[in-house]
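Below is one structure. I have some questions about it.
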Amino acid sequence: MIINGVQIDDTFAEAFDMRSTRVIITAQNHQWAYHAANAMTGFATSVIGCGVEAGIERELSASDTPDGRPGVSILMFAMGSKVLMKQLETRMGQCILTCPTAAAFSGIESDDQISLGKNLRYFGDGYQISKLIPDAQGKNQRYWRIPVMDGEFLTQETTGMVRAIGGGNFLVLATSQPQALAACEVAIEAMKKIPNVIMPFPGGVVRSGSKVGSKYPSMFASTNDAFCPTLKGMVNSELSDDIESVMEIVIDGLTFDDIALATKVGIETACSLGVKGGVKRISAGNYGGKLGPHHFKLHEVLA
Amino acid sequence: MIINGVQIDDTFAEAFDMRSTRVIITAQNHQWAYHAANAMTGFATSVIGCGVEAGIERELSASDTPDGRPGVSILMFAMGSKVLMKQLETRMGQCILTCPTAAAFSGIESDDQISLGKNLRYFGDGYQISKLIPDAQGKNQRYWRIPVMDGEFLTQETTGMVRAIGGGNFLVLATSQPQALAACEVAIEAMKKIPNVIMPFPGGVVRSGSKVGSKYPSMFASTNDAFCPTLKGMVNSELSDDIESVMEIVIDGLTFDDIALATKVGIETACSLGVKGGVKRISAGNYGGKLGPHHFKLHEVLA
Amino acid sequence: MIINGVQIDDTFAEAFDMRSTRVIITAQNHQWAYHAANAMTGFATSVIGCGVEAGIERELSASDTPDGRPGVSILMFAMGSKVLMKQLETRMGQCILTCPTAAAFSGIESDDQISLGKNLRYFGDGYQISKLIPDAQGKNQRYWRIPVMDGEFLTQETTGMVRAIGGGNFLVLATSQPQALAACEVAIEAMKKIPNVIMPFPGGVVRSGSKVGSKYPSMFASTNDAFCPTLKGMVNSELSDDIESVMEIVIDGLTFDDIALATKVGIETACSLGVKGGVKRISAGNYGGKLGPHHFKLHEVLA
Amino acid sequence: MIINGVQIDDTFAEAFDMRSTRVIITAQNHQWAYHAANAMTGFATSVIGCGVEAGIERELSASDTPDGRPGVSILMFAMGSKVLMKQLETRMGQCILTCPTAAAFSGIESDDQISLGKNLRYFGDGYQISKLIPDAQGKNQRYWRIPVMDGEFLTQETTGMVRAIGGGNFLVLATSQPQALAACEVAIEAMKKIPNVIMPFPGGVVRSGSKVGSKYPSMFASTNDAFCPTLKGMVNSELSDDIESVMEIVIDGLTFDDIALATKVGIETACSLGVKGGVKRISAGNYGGKLGPHHFKLHEVLA
């Protein structure tokens, strides 16, 4: 399969079951909604080292938020429910409770409800006020008004937790580093418009792809040498001579279709720079299909 | 003391001994240096909940960085050296090793050297290369070139760790929330130009100031009710009738003088909006002077 | 009429017939699409002094543009067709022809077609190539590929010109300058999501509202003293004692309904800060209804 | 001469005498100073089509501006003094007088003083107030306080006009468009730190370099075909086979040394991407040395 001169490997991305939640953060204006969201989703690139993977899903117009103020929605993913709940609480307390003018609301429905402001309310030292407001379906939702120095911190009591998928991915192989970066930049720009997904690495892109195992006994993962351009002569390389830089975009999403769409849009946009722009080949990372139950076959996704 | 009609309380900020380090992050362009730095300094608002307090100190011109590429410098603060070292390693691995085109360098000299890339090098699975390059003083510095997919991850082996101070602060008391926010915004803009300091909260500002103790036995801190405008009638309030919003700027810095200067610049800039802009009074937070050894007396700092 | 405690004057905005066009600008990534668009829509705040009023209407996803690359759409308004055509050509030549990786496409259909790249093609010195590509309706559209140093400048030959409306407006009256600014900021954020409109002044807001006439014979307009807070004691003021700052948002749009919607969204969002946030009253500017044929009655628009 | 593998042509840039002025724009915060400055310096890419070339020189800390508020400095260049004076007045009236919270100050000293707010004061309809404030040298400077809706528009009466130079330049020749763009991006980032210069084209870069003359009698300039990569086979090309994209950075500055420094910094930074990043050669544009009195020999500038 060729798109705009770029070869698309006949391979698949292997992804895993995860738990996810969405939170809507509002503030006096978008700038401050972003301050809160950036703090909350920072240091959340990989569940292995950070506990969660998190990112800003999209910007919300004032007319689209529960309190009619400008906002953003963020998504968080973790391997298990306990980790997700703990990380959500901690990050809420450290980044939203603290941020001037910020408020927090549930961003997703689910029979599984997890604490958003439920425990934070005790920060109010007994002065917190509860409000029950029926939602669009007539079901009562509980909110907490917690007195703080800038006024009140308004937060919904809980938000939903759902089953989700993490680890969708594709690799961009290019003839130089600036070209790989340019292709990934436009891919990320386009993928940011897709709802229900985030790309958790810095700028949405990761360059330190890894393989299972290492010559060092204590390390369970190490650099993916088959895709390292400076090791082309030294290892069993996947790279042809002309490839000088490889970058990867990892995608976490609520459903298989969400990740498939983001993968498709991302690859097509990266390929728009074409061979002329130094993009030679698109691939994907997997573990032989043995570890993760969700397989995104590139040729099917792009069909 | 009055500045531009704004009353300056005769009080002091009480700050603590901390350990700090500086890292210089470079990338192909500033945009990607910021992606790496934002990931690394996110979720780092307070040592209590995040382990570290971190932020971007300033932008660096390509001519001012060790590898002649655009960059930023970041500062990290923790209560003890072990926590700092652990957090630095983890955040380096999660946010800089991963970020396309990023490189990392020592940002501060010290007899106390801590690992920057020292352990990350093993990610290279034996293919990493070490380089010794003499610095400006003629002393050999060790760098690691770690093969990754986008090319190489270049990192200095260690960076310095120094004694520093955290918890400098001042409070802005205003007649409405938008006015408090506007005053703090310009204060932060000005303080960002001061070297050797960071303001770790979201957007540099915190609205959830706390007091020691709580009616709930398990909580050791709770909302600072004396400064909560919605509790004016209900508690022993510090606030006059006209104060409707209070926000706080917390400052961590390398030395007492750095924090004093940032405090002065911040307060003077907040006061530039004046009483006309709704800014009535500036105060500061302390524990009676009994917990932290560093006291920033507002009237002395502003003299 | 009161919204969130804010008084809405029973008055109307008086707007004028104008001509308008839309251009879609694409580039390698959004950042460069914005560079081109910002240059093209700069110095275009008022037809009186700049010849045109122009602004960025919205960002376009790569999948939503004619060439599948990231882009933005811009709108330009002028009093007459000749001025619009001349300004469009000049600004295209100075800001889009010049901008690395930029391409330009028609953004609006009309029986009235005006030159987009039609005359610019001669810059190709005879080497320009024409392409006819049928559009979605099967009608042939002509594009020009003009050889330039970065590759080729691709531009559609013409774009549509339509009748439109300019000068919709509302005024925000607040108890201090920072509060007026905060209210207008969030209003503009919300209005930017409305298609078919632009707010041409810097940041979308104007503070130098004028009245017809002046004590100086050569000047046909001067400061709107009835709305100047520092002249409250000296003139026949429209302002109550507590109003210390007034700002105005001017709206140009393709149809009456577009401007009405933007006005409604803008006022409602400004009012969300409420009396607590210093917003006391909303008004609008008109000439007694004698000059402009389009009247936006605030109470009707907000109904 | 080779820098990082990149060939530096032994040629020179040919630049012209111009007149210039600097204006300092302050506002409540940097965001609004930028709104005013972007409007004022938009549509100012080339004196031929826009009348002036203008750009933001740098950001100013609140402590570095005349009124102690955040600001930016802008530079404007024109071929003659009359054009400069007229453009400055018009752009001041359209973009600074109009912008909420903006103030304007002289940014450069000169025996030649031109109107900044001198004529704008009449907008105050007789209510404007003049203030004389001695500057650091003890010389009285006149300021005008003009009543407007948001409060007052404070502007200095005049600013200085100086002889300057426009048209310094260098060309970046690369093996693909994304690589040329990446190299120019980092060059511009570095050049923005150099005082006294601006790069007036969109994003600071121009791709439509021209030559004198055209096959069309009415056009005095046309595409620089010798540097157009799609014309390599058809004209007397300056480009080797591997060059697929050329971009140019034009520099206007106050003195020869300012432009020489910016040229040096820009070229060195573009070359930092190196041959590996697709940058093969640096050149410059001139008219044989016959038109412009200022010659920037690349090999001398880079020595």
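In order of appearance the chains are A, B, C and D, and numbering begins at 1 in each one.
By definition in this document, a residue touches a chain if its C-beta (ideal position, glycine included) is under 8 Å from a C-beta of that chain, and two chains touch if they have at least 3 such contacts.
Everything numeric here is computed off the predicted structure, so don't read it as measured data.
> Once the contact rule is applied, which chains count as partners of both chain A and chain D?
Chains that touch both chain A and chain D, as defined above, are B, C.
> Given that chain C and chain D are copies of one sequence and touch, is their interface built from the same residue numbers on both sides (over half shared) or different ones?
Same residues, largely: of all residue numbers at this interface, over half are found in both copies.
> Based on the averaged CA atom positions, which chain is farthest from chain D?
A
> Distance-wise, how many Å sit between the C-alpha centres of chain B and chain D, to the nearest whole number?
35
> Chain A to chain B: how many Å between their CA centres?
About 26 Å separates the centre of chain A from that of chain B.
> With centres defined as the mean C-alpha position, give me the chain B-chain C separation in Å.
40
> For chain B, write out the residues touching at least two other chains, lowest number first.
Residues 28, 31, 177-178, 181-182, 244, 273 of chain B touch two or more partner chains.
> Taking the touch rule as given, give the residues of chain B at its contact with chain A in the complex, in rising order.
28, 31-32, 35-36, 38-46, 49-50, 90-91, 93-95, 97-102, 122-127, 146-153, 171, 177-178, 180-181, 184, 201-203, 205-210, 214-216, 219, 221-225, 227-231, 234-235, 244-248
> In their complex, what parts of chain B are in touch with chain C?
31, 176-179, 181-183, 244, 273, 276-278
> Over in the complex, which chain C residues touch chain A? Could you list them?
Touch list, chain C to chain A: 28-30, 61-63, 68-70, 182, 185-186, 189-190, 193, 265, 268-269, 272-273.
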